[in-house]
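The structure that follows is given in the form of structure tokens.
Chains: A, B, C, D, E, F, G and H, in written order; residue numbering restarts at 1 for each.
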Amino acid sequence: MELTVYLAGQIHDNWREEVKEKAKSKNLPVSFTGPMENHDRSDNIGEEILGEQPDNIYKDEAASKINNLRTRVLLEKSDVVIALFGEKYKQWNSAADAAAAVALNKPLILVRPKELHHPLKELSERAQVTVENTDQALQALSYIFE
Amino acid sequence: MELTVYLAGQIHDNWREEVKEKAKSKNLPVSFTGPMENHDRSDNIGEEILGEQPDNIYKDEAASKINNLRTRVLLEKSDVVIALFGEKYKQWNSAADAAAAVALNKPLILVRPKELHHPLKELSERAQVTVENTDQALQALSYIFE
Amino acid sequence: MELTVYLAGQIHDNWREEVKEKAKSKNLPVSFTGPMENHDRSDNIGEEILGEQPDNIYKDEAASKINNLRTRVLLEKSDVVIALFGEKYKQWNSAADAAAAVALNKPLILVRPKELHHPLKELSERAQVTVENTDQALQALSYIFE
Amino acid sequence: MELTVYLAGQIHDNWREEVKEKAKSKNLPVSFTGPMENHDRSDNIGEEILGEQPDNIYKDEAASKINNLRTRVLLEKSDVVIALFGEKYKQWNSAADAAAAVALNKPLILVRPKELHHPLKELSERAQVTVENTDQALQALSYIFE
Amino acid sequence: MELTVYLAGQIHDNWREEVKEKAKSKNLPVSFTGPMENHDRSDNIGEEILGEQPDNIYKDEAASKINNLRTRVLLEKSDVVIALFGEKYKQWNSAADAAAAVALNKPLILVRPKELHHPLKELSERAQVTVENTDQALQALSYIFE
Amino acid sequence: MELTVYLAGQIHDNWREEVKEKAKSKNLPVSFTGPMENHDRSDNIGEEILGEQPDNIYKDEAASKINNLRTRVLLEKSDVVIALFGEKYKQWNSAADAAAAVALNKPLILVRPKELHHPLKELSERAQVTVENTDQALQALSYIFE
Amino acid sequence: MELTVYLAGQIHDNWREEVKEKAKSKNLPVSFTGPMENHDRSDNIGEEILGEQPDNIYKDEAASKINNLRTRVLLEKSDVVIALFGEKYKQWNSAADAAAAVALNKPLILVRPKELHHPLKELSERAQVTVENTDQALQALSYIFE
Amino acid sequence: MELTVYLAGQIHDNWREEVKEKAKSKNLPVSFTGPMENHDRSDNIGEEILGEQPDNIYKDEAASKINNLRTRVLLEKSDVVIALFGEKYKQWNSAADAAAAVALNKPLILVRPKELHHPLKELSERAQVTVENTDQALQALSYIFE
């Protein structure tokens, strides 16, 4: 049995690489997908494909159409979703991805520092498991295969 | 035909009352539901029902279970969801409610000030309509009945 | 038992009024919904609510968001869909509404002049019944109540 | 990860071959399916299998049953749908296929010349992305794999 | 609480009237629907609405489209389905209606004489309850309200 | 807004009457349904309707068909499920009803004495809320209407 | 692309072997499943596994549970269903399997001699295609791969 | 065709190993999954990953989150569920897993000693097949492949 795990959440540090390496060192039969991690490319993909837009709002709308195409296809193909929230950003789209996963009946592992427990409390309660770091998320993932 | 509209989003000002009054003045056959708007009560409902909890995290978890019970029942009974985002708060749970609405195939009207277009771009694209104020949301709602 | 019937299709003549009158004269317990029939208003509703748009494409996009909000809510609440195609227009949106009805598992009665049988053949095959005029559609509707 | 893409839309030129070649030159792990492109065969398949029919309407009905069998099986197995509309034809069945894809929750990339924006505005709004040529559609597809 | 019960099965005797009277005498808050019971009208409804057909097969096809429109609408609105099989007829369409009910997750009460147990064994096993006469079916229905 | 609440769980004491009275004293717009509470009748309903059975296993099978018919119809019509577990009985069917409610996406309020936390831990985690007595369950229910 | 085809219908002659050979000679990438074709084994499988039953009705019930386990698993894994009806038998279970396929949204190819058109008219109308012999069914299957 | 079978039920003896060996000796193309069988590890997994909890109830809640993550992923990937109940334990979670399987439309084979027929009667009736030992369950499984 192999599982596909979508890594939702912030794209401002390299946490996804760490998750992939940890999974590899545990020899888990897991493949990972996730959003475009190049932040500029993610913001510009709308104009790159559809051409220049009238203003920044239209530019954002164009980019989000392409990014959501990507998310929809990959979320549909995933067995588990891990979503990581950090302290610096608004990350509403991360919250939306996490909630979309829950609503699609994909089990969600939420990763957030303890300090963020209050603003994330309802989302945390919808997750299957909430942990504080990616090591714990990997332990939970690993437990499925034992 | 009557519609039930769930008013998701921030609970820090009285925007829901405004929406209800505007709908009334337009004579729209709409009834509204929404989250608990008394912020303290929403935070304390877990301990109120389940008793004192070991620490703040468990207190939040208890509260969110009761709040999500409420949200689930009311969201299921709604025909349209209006979600309003303001500039002051993290509002991740609002984003989660909005995304849950989309995933349940409920049409979503997203209300946000123009300044928030960038952090909300993917969620906005998943909404059926994105507007900047509640007057516009009411116009869209009213159009359904014309 | 009452049924709600969505009248999809062209908005360039008064066929919907005829259907409603015929249903009334047969005393059928049916209520009807349908798209905005004022063509100009349907085209302008985007700018009316969201303000002036950069060009005609954006104007159309804005209008279609509001129109689709309306269609989604009303289609979800319908028991049967009647879609009428005439000879003059492209009516791709009518075809899209009809196919959306089929995919939502709503039984579809397709009304089209005999001359249009070839371009509509696959859509006709997906309909529950295909007829040539609204009298026949009403007979089929009436038969449900006998 | 491999994706299966259904190429809906007009069957009067060789745009599907172009799409396949472009995907190949980009080394995308994509396989393509689509409707019968031999127009005569598509029109005659009903009589070929079921024998001569009483008139052209029955001939069309027989053909569309076989064509829809094909479409249903292939659409169900697809991850993404690309639908191309050109200027010459009524293409109602293309619109129906595109809308069926949307209703089956398959993300839709709509390709249409800028001139067709008005008659396709509601369908465009239901698509995940609307572009003007197949190069742009391929860019969007390619972005999923980056 | 009121229930709607669809009475599927043979249309060659007046068993439906008996069921309705028994329900009335028990004061059950139940309303009943079912197929067209006038056998000739059921066979001729296709030509009545769509005009004369080329031969008997096309006549049957036209009739079954209208009859299935009726069945689909009424089955969708029902809470429970009672299907009665007698010994005289092929009744494949009754079997199909019963199985459609099961697949739509509607609980099915199957009524059949003991002699028919063998040919109906797989269908019986899919039913929620199998009984031998309509008195027993009414007892089961009545038990829901106790 | 009115809610229908199914009261699953043990049928050996009068906890359901207490729940109904408490709801009445709080003026909650709630109507309650639940399993047959007359234990003997629940055990004998199979033979009552279907006649004497070969042995106790067949008697149980006959009874459970009728009881499950009842449960299915009522569960489908409920908005919330409250399930109470006591200490004396095996109550596997209660656990099955509770899990069926969860799987049907009905929010579940689990009521159990603290002493039963261990054997019910996985079911408790699937519930929306777990409480220790019916007063708490009513508080949670009441909170939905505030 | 490979397809799995469930061959529902009568088990009294070797039509399934003919279908398999024809598919092989056309080199279609199709694998076939179907019911237990050994008629005695199908009738006795209940007692073979569960031991002797009180009478023939219980024997049939036991057998049908095992047969339906088989059907459910295989139907769920199929892409297309072909159902063949002959003139000799009641075949209600075949009709039930065919209707279950339709309700599971599996495209159905119905095979029946022309003489049976009347009793099968409603089921035929629910099928995607109705043909008179297995050669035609194979042609339709083959067309999907062209 | 290969099938994946989830082995729900008690984890206090080695019945799962017996099932796997019997399947192997019959050369069935079946792979098995199931809950964590190391009872202590199953009880402690919550604290192992999430750290020490305030008391035994929170410890159980933490463990059940991780165990349910495992169950959800594996149940979703299964084609058939076999659930075994023995006489010694409360096994409410087993009942819950079995009912979840039924509600997810997975066919369920229930294994229980004859003595337990009464408390399991409603669950048994929801199962596709109920048998008394694992040999019979394997026979039923094997029959699918004949």
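Here is the rule we go by: a contact is a pair of C-beta atoms (placed from the backbone, for glycine too) under 8 Å apart; a residue touches a chain by one contact, two chains touch by 3 or more.
Every value quoted in this text rests on a predicted model; they were computed, and no experiment measured them.
Engineer: Going by the contact rule set out at the top, which chains touch both chain E and chain G?
Structural biologist: Per touch definition, common to chain E and chain G: D, F.
Engineer: Check every other chain and keep only those touching both chain B and chain G; list them.
Structural biologist: Correct list: F, H.
Engineer: Considering chain A as a copy of chain G, what rotation angle in degrees (nearest 5) results from a C-alpha superposition of the former onto the latter?
Structural biologist: 180
Engineer: Among C-D, C-E or A-D, where does the E-G interface recur, judging by over half of the contact pairs matching in residue number?
Structural biologist: Comparing residue numbers across C-D, C-E or A-D, the repeat of E-G turns out to be C-D.
Engineer: Based only on mean CA positions, could you tell me how far chain A sits from chain C in angstrom?
Structural biologist: Once rounded, the distance between the two centres reads 40 Å.
Engineer: What's the distance between the Cα centroids of chain B and chain D, rounded to whole Å?
Structural biologist: 38
Engineer: I'd like to verify one number: the distance from the centre of chain A to the centre of chain E, where each centre is the average of its C-alpha atoms, in whole angstrom.
Structural biologist: Computed from C-alpha means, the inter-chain centre distance equals 50 Å.
Engineer: How many angstrom between the C-alpha centroids of chain H and chain A?
Structural biologist: The computed centroid separation for chain A versus chain H comes out at 31 Å.
Engineer: Residues of chain G that contact two or more other chains, please.
Structural biologist: 65, 68
Engineer: Which pairs of chains touch each other in this structure?
Structural biologist: A-B, A-C, A-D, A-H, B-C, B-F, B-H, C-D, C-E, D-E, D-G, E-F, E-G, F-G, F-H, G-H
Engineer: Contact residues on chain C for chain D in the complex?
Structural biologist: By the definition above, chain C touches chain D via 56-57, 60-61, 63-65, 67-68, 71, 85, 89-93, 95-100, 102-104, 114, 117-126.
Engineer: Help me check something: in the complex, which residues belonging to chain H touch chain B?
Structural biologist: Residue list for chain H touching chain B: 54-55, 58.
Engineer: Under the stated contact criterion, what part of chain C meets chain B in this complex?
Structural biologist: Per the stated touch rule, the residues are 4, 31, 33, 36, 41, 45, 48-50, 65-66, 68-70, 72-74, 76-77.
Engineer: Give every residue of chain B touching chain C within the complex, in rising order.
Structural biologist: Those residues of chain B that touch chain C are 1, 3, 79-80, 107, 109, 128-129, 131, 136, 139-140, 143-144, 146.
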